[in-house]
Every structure is written in structure tokens, then in C-alpha cells.
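Note that the chains take the letters A, B, C and D in the order they are written out, and that residue 1 is the start of every chain.
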Amino acid sequence: MAFTSVQKIRFDDVDGAGIVYYPQFFHLCHAAFEDFFDTAAPISYPELIRDRRLGFPTVAIESTFTAPLEYGDIAVVELTVEEVGRSSAGFRYTIRRKRDGARSFRARITNVLMNLDTRRPVPLPPELRSILEQSLSAADSED
Amino acid sequence: MAFTSVQKIRFDDVDGAGIVYYPQFFHLCHAAFEDFFDTAAPISYPELIRDRRLGFPTVAIESTFTAPLEYGDIAVVELTVEEVGRSSAGFRYTIRRKRDGARSFRARITNVLMNLDTRRPVPLPPELRSILEQSLSAADSED
Amino acid sequence: MAFTSVQKIRFDDVDGAGIVYYPQFFHLCHAAFEDFFDTAAPISYPELIRDRRLGFPTVAIESTFTAPLEYGDIAVVELTVEEVGRSSAGFRYTIRRKRDGARSFRARITNVLMNLDTRRPVPLPPELRSILEQSLSAADSED
Amino acid sequence: MAFTSVQKIRFDDVDGAGIVYYPQFFHLCHAAFEDFFDTAAPISYPELIRDRRLGFPTVAIESTFTAPLEYGDIAVVELTVEEVGRSSAGFRYTIRRKRDGARSFRARITNVLMNLDTRRPVPLPPELRSILEQSLSAADSED
């Protein structure tokens, strides 16, 4: 049920301490979110924004960082849907290092569907709700 | 007691929906964290890393996003210290839009002092502990 | 005649080799370009884009990199206008390290004023031409 | 003879004018450069840096921008080697939009092999020279 996006850590992803800059973990999550739309949804995220003027901004995050990523690492980003509301959805992201399988990062991110012109929340359209519900995790698998 | 860092939203800070990309809020927090060291501490953050081989990586985040930032906005980032542990500290960040004072973002970020060579936590040295304790907020001011 | 913008090298500006990632030098130039508008022009760059739907995209670059910037450095970015055309302008950027004055970078960047809706070049409006002409360097000062 | 790296334009790659931020084109080139090493070379770029303390910093750029990239675009980045010197190499990059084949960007970028500890140029080791020479373009194909 999880969607997986595999991403190379790039030359500019590291910080002055030589490990991946922590805000960059959220960028890895957003890239997986976009890849999820490209793969699972009837419409890509760029089309959702351009053609329907809908966006899915982040409203809340809880996350923990457990092992650093380094330049040369491959990040395996796993996305599951944990909750589908009227206008919102809760996503779970887990990032692992490919080289040893160690879990680097875990986050629960809540997004709200928004009309980009009015900047008001809007109910999830049926086809988007359906895609999200198909990706609902049966349970929050801890490991 | 709060430390404030004022930062221009730059041309590249926005995303495909025309508002500041959410991982960039954590970059604003990190810039404020660096400015706090430059202003309040006996040693800058680059010196801490280069000369003492100590870093202060992020281990946990809780955050909420309440109002978008746009290109042309000035972000007012407020940092307070909420907790000082043996090897760790808890920081509170609040980001406001200068144009209307609206609160855009709030986060509680926990950092652990780490030896960058051994990658093990180390106790806060007295002078760093002292600086952090001076910035402890009397209470978590909600608004 | 030169406009100067002073910018801190931030924790995320470095690359996997521990020096500032080279595309980031162009980001320093763009920040100076925005600061130039904020300081010298009757209209800020965000307003130019939002209110007049005009942008000033880059069409050509020639640049050389002569000394690396590191985390903890302060970049002194100098901007001069070298040429003002009907729809275009040529800017010269020089970036020095504050710590020793060494020249890190030099670029000649050409921008064309563009209507963002039609994506066609448009003539420089008189007030913008006037600002640019006031910043024309008398000569290309080599050093 | 050209090496091609295909890259998605991501949500954060755009600027306040709604098109890809121009420094980001150089990031696309660097990603292609890393992919070239991963694909063609006996050693990856992260390994070259970590294990041999060699880097290949950029010393000169000439580039032109001819058509914007947008969010949702796929960038097709073509890399050819144009010149191999004692310690340096000249690379040609061409970026096209996948949707219409339009050429967005062209650059000639010169890199010098450097010992990261001494920061002095070093001669290309034979196996790296050999890889680069195999990728030498027969001629500079204009189009």
C-alpha cells in the first residue's frame, strides 16, 4: 500500500556539517508527494495547480530525524496515506538509507486542499478522494 | 528574551503555487539559529563546527503553518529557548509577515549537540549552556 | 557607482566538497539584483512582477570563479550596469570574500525585460532606464 | 557520444515569475555531471571526493538561455566533453524541454581537477582522462 520514491542525494543537499541539511528531508518528501500524483492520480500535481487552480499546502508536521544522510546516499522515501478528511489528508513519510536500510527520518504531514485564488479550503473532489483512500495504510506500521 | 532575525523572502523561495515552499520555513528557522549564535554566543556556528567539530543537528520537529508568505514579504523570525537538557535544547520559532503581523508559522525544534567525528551526543559545554539558559523563555507565550 | 550587497554564506550554501556550490554564486548575484531594485529603483522587483507583470530574465552569462567561498564567509557582491539597450541591460557582478578581500567570482549577465503574460521583450520604461543609466559604470574597472 | 540525463522540474524550482529560477539551470547541469560519473566513470563523484579527496570545481561558464522551463516540465540535459586538458576539461551542456524539444539553455563549463586538501590543481588521473576522452564530441554540433 505504500508508495515508494527513490532519490539520489545531490552535491548541494549537504550542509556545513557535511550531512544532508535537515529542511532538505521535507524536500525529499515533497518530491515523493509529486511522484505519487504522477503515478497514482488521474492528474499530475502541476496540472492540478495550473488547470484547476487547486493546491495542497502543508498545515502541520510532526517529524523525527534518526540517522543522517550523506552525499552519495540514495534515499528511499515511502509515502502512505493515514487519514482522509473532508478537505484534508494526513500522509506518513519514512526515509531510509539504501546502503544499510537504516531509518533516517519519519514524518506525519497534514495537507489541506485549497483554492489557490480564494485561498480557502475546498472539499476533496471524488477522484482525488478515491486515490487517497486506495493508499490508506491498514495500520500505522511501526518498526 | 526572544531573539529576532528579519529575512527577505527571495525570488527563488516560492513554489509552483506562488507561495513560499514549505521546507523553506525551516531554512528561515536555521538562518535565525545561525544569527542567534553570531549575536549571542561566544562562538559562531561555523566556528563551532570547524574549530570544535561540534554540530547541533535537529532530531525532532512539531510545526504548524497558518498563513502563507509571498515573494516580496519580509519574514520576522522569533527564536526562544524552551528547554535546556544535558546534550539537547528545545527551540521555539515563530514566523510573522512584516506587512500585517500575521503569524505564518510556529515550530518546536529539538537539537542535540553532537561530536561530528564520532557522531555521538556530547554534553553542552558550560558557555553554550549559559547562553541558552539566558534565552530561556519565562513561559510559552501563546498568541 | 557600484551597488554593493553584503550576504552571509549560510549553512546550506556549501556542497559535498565543503565549499559554496557554484550555482549559488548566481543566487548571490540575483539577491544583489533584488537589493539594487529595493534601494535604487522607484519600484521593487516583486512589485514590478506583480503589479506590472514585467520580469527581467537572464539571457546570457559569462563568468569566472577564482577563489572558493566557505561556510562562515561573508560575500560582498558588487553590481554595476555596463550597458543599457532598448529592452535589455548588461550587469557586471564581482563577489569578494570579506575576510581577505580576495575576488571569488566575476560575471557579465545580460537580462531582457519581458512581459510575463505575452513572454515578449518590451522596451525599458523611462523610469527604469533612468535608474539603470545612473548606475552605468564609467569604465570596466579591472583589478 | 552525448550523455543524457532526464530530470523532472520540481515544485521548488520556479521563481517569483513562475518559471525556473536561472541558477537552477546550473544545478540541472551539475546533476547531469554527477549522473555521467555514476554511469561512465569507474568511480562515482561522491567516491572521488571522499576516497581520493579530489574535486572538479567550475572555473568558467559561458551560457545562453533561450526558452523558459516551467513547473511540470521534464528537462532533457545533454552533456558532451569538448576539451580535455592536463588538469581541466571543458563540458558542453544543452537543456531541452521534453514537451516540445525546444532548446532552453546552452552552456560551456570548464572544470579543473583539484586536490581538496591542498586546493591545488592536479593532473587528470589516466582512468578519468580516458573516460573524458571517450566522451569527446567529434564536433561542436550547432542546432
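General observations
In the analysis below, contacts are C-beta pairs under 8 Å (C-beta built on N, C-alpha and C of every residue); 3 or more make two chains touch, one makes a residue touch a chain.
Since we're looking at a predicted model, the values are computed, not measured.
Taking the mean Cα position of each chain as its centre, D sits at the greatest distance from chain B. Here the CA centre of chain A is 29 Å from the CA centre of chain D. Chain A and chain C have CA centres that are 34 Å apart.
If each chain is reduced to the centroid of its CA atoms, chain A and chain B end up 23 Å from each other. Taken residue by residue, chain C touches two or more other chains at 11-12, 16-18, 21, 23-24, 27, 30, 45-46, 49, 71-72, whereas all remaining positions touch fewer. Chain contacts here are complete: no pair of chains fails to touch. Touching chain A in their complex are the following residues of chain B: 16-19, 21-24, 26-27, 30, 45-46, 49, 55, 57-66, 68, 116, 119. Those residues of chain D lying in contact with chain B across their complex are 11-12, 14-18, 21, 23-24, 71-72. Only residues 8, 10-12, 27, 30-31, 34, 44-47, 49-50, 70-72 of chain D touch chain A when the two sit together in their complex.
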